[in-house]
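In the two complexes below, chain A is the common chain; its partner is chain B in one and chain C in the other.
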Partner chain A sequence: MEFSHDRSGDTLVVTASGRVDGSNASDFLESLQGMFDPGDQRIILDLGGLEYISSAGLRVLLMAAQNLDRQSKSFSICSLTEAVGDVFRISGFDQIINVFPSVEAAKQG
Partner chain B sequence: MDQTYKILVVDDEPDLEPLILQRMRRQIRANEYEFVFAQNGVEALEKLNADSTIDMVLSDINMPKMDGLTLLQQLPGVDPNLRAVIISAYGDMDNIRTAMNRGAFDFVTKPIDFDDLKITISRTLEHLAEWREALSSRDQLVALQNELSIASQLQQSILPKNPPVTDKYEVSANMEPARNVGGDFYDFFKLDEQVGLVVADVSDKGIPASMFMMSSRTALKGAAIGVGDPAMVLEEVNNQLHQDNPTFMFVTLIYALFNPNTGSLTYSIAGHDPPMLVSADGTVTELPLTKGVALGIAPDIVYTQETVELAPGDTVVLFTDGVTEAMNANNEQFGLTRLADVFEGNSPDSALAANEAVFECVRNFAGDAPQSDDITCLTLRRP
Partner chain C sequence: MQRTLHLSHPPEQGHPSDVLPLIEDILNEMAEADDWPVTLTMRANLILEELVLNTLTHGDTSGLTEIDLELESENHALTIRLSDDGSAFNPLTDAPVPDVSLPLADRPIGGLGVYLVKTMGEELEYRRENDRNHLKLVVHPE
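Take a look at the complex of A and B:
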């Protein structure tokens, strides 16, 4: 897993690439939450470089999403590859977490 | 040191006992060491057998009745974790080598240099303490592995055996766990004239996943008996699982209800890969996905269901992603296309044959690559 992030105003865009499965899912959550600042109101996770996500990875996204929701912050993911998009569609997670085609669309969202 | 170590000194020279008690008096007073004494190997064995709290033996070599080298050979029979240090004549390399070969931990030479002896004793006891710690970790690991294997047996034992094979329908099901305890399961049960079929995959693995799996299975079976329609069953199970789920576990599954008299199959999907239909003529199609979400993550989700009529010779294949995401040595996934190819133009002649074909093709594809996920497949065929 590799991460980078870009903050402008109260919006944080985190870019994640690689693979998330049972072996690194908890590291994924820790790295992700380590990037959040108290001032961030809107968090967008750009998964354009994500090749694979297992159910353990989905669970971590769910935990992050619920956590941010409790703090009344917005969380969305975007730029899914076809394979990862299928996982979200089939698991129904696209009905639980906001999914956008691009970072721009997520910012409009 | 927070415990008193007991050291047995074996020597036929009567001077050694007062000498040791005098030179080690500080350690004795501080309750670091306690010394007991024997005159020869026979007496030493008697004392060891009578007192299991002795930690270490310090023994001379030349003694009447039983010498130190013979005593060394006897020690493992008394307690394999005893540590022995030999006192030998200076430069007596033959006896020293024999003693080391017989399991002595270290040696000191005569005349005894007490500073050297203190260091040797303390090194030996440190080693013993580390060894005991390693042993206890190993015991804990063994206990944990035993528990895991019991959990695995429990899990395997709740998977129903002897799937029904009648002239109206045939079922076959198999689950190959990746680790000791996995998160997949299948189920089949009779509901009046109909048959309920389940294939499920719990997020993550190990003990927590298996506990979640057990409660999912019970909730589903209960709802199937009480509620009826697959979509309604999933709504009920979802709300039950969501109520008390602080760890955000979830389960994806297909619940299908087959009517053997009419051949109609009604199914509802909770975040799972849709089933595959193999027609009697060998055409393979993916059945439509229904609307729904993996169970347990959000309340009041609406599920929909689909109905398909099975013609005689049709087979439906329900599977978990352990099938489609099985990897080979080149990190390629088995995938839906290869799964469809198992049956394309090659309609199985029984549910069992269909099931075995899936597992065989996945195994052949994966080769020696390690299995990272549970593999589950359930097949239903209308003869």
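Take a look at the complex of A and C:
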């Protein structure tokens, strides 16, 4: 997996690409948590370059979403590919995490 | 198109998750040959990762020496047949099922993998025969 992040005011946009599976899900969680600053109020995760996600990766997203929710921070995911969007829908994640078509839409949402 | 994969236990490569690139390679090859929709490749990969890692890492693996995988693709439907010589385990009934209608704060972290297998897979059949677990399922793109 590859990551980058872009902070603007209290908004953090994290871009993750590649594959997240049982071999690297724990690295994914560590990388993600390492990017959060206490001052970030809104976190947007851009998964437009994510090729594959298994249940191990979904668990990480769920943990991150619950963690941020407990801190009353905004968390959203955007730019899902067709295949990742299919997994989100079946797992019911699109019902519990805000999903937007683009980073811009997520910023306005 | 048909493909098979034989995995030995403990894994020759070292770590259980080292089998994942082998699964990915076979699926990519089949996806290209049979022009799979992207959702079929994703679903097949997710299901196989879940089932194979479950067998390799969960429960009693003391008697497990091998997992055999048979894949058959026709008209954008993939039939998966998995068998292993580990202790009896039916993932369709013996694994806990999460309630995916729960709100974010109450959603359990575990159990999602088997739920996805059961939701994305059709014609699921499990049988214990000749001291082996046999699981068959069919995966469609939608």
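Criterion: the second predicted complex is superposed on the first by the 109 of 109 C-alpha atoms of A that agree within 3 Å, B and C clash if a C-alpha of one lies under 4 Å from a C-alpha of the other, contacts with A are read in each partner's own complex, and residues count from 1 in each chain.
Just so it is clear, a contact is a pair of C-beta atoms (placed from the backbone, for glycine too) under 8 Å apart; a residue touches a chain by one contact, two chains touch by 3 or more.
Nothing here was measured: the structure is a model prediction, and the numbers come from that model.
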Partner chain(s) touched by A:69 [first = chain B, second = chain C, both, neither]: second
Chain touching more of chain A, residue-wise (chain B, chain C): C
First (chain B), second (chain C), both or neither touched by A:84: second
Which superposed partner A:22 touches (first chain B, second chain C, both, neither): both
Intersection of the chain A residues that touch chain B with those that touch chain C: 21-22, 54-56, 58-59, 62-63, 66, 90-92, 95-96
Contact set on chain C toward chain A in their complex: 15-18, 20, 24, 38-39, 41-43, 45-46, 49-50, 53, 100-101, 103-105, 107, 109-110, 112-113, 115-116, 119-120, 142
Complex contact set, residues of chain A against chain B: 21-22, 25, 54-56, 58-59, 62-63, 66, 89-93, 95-96
Complex contact set, residues of chain A against chain C: 19, 21-23, 52-56, 58-59, 62-63, 65-66, 69-70, 81-84, 86-87, 90-92, 95-97
List of chain B residues in touch with chain A within their complex: 201-205, 248-250, 252, 270-274, 289, 292-294, 297-298, 301, 321, 372-373
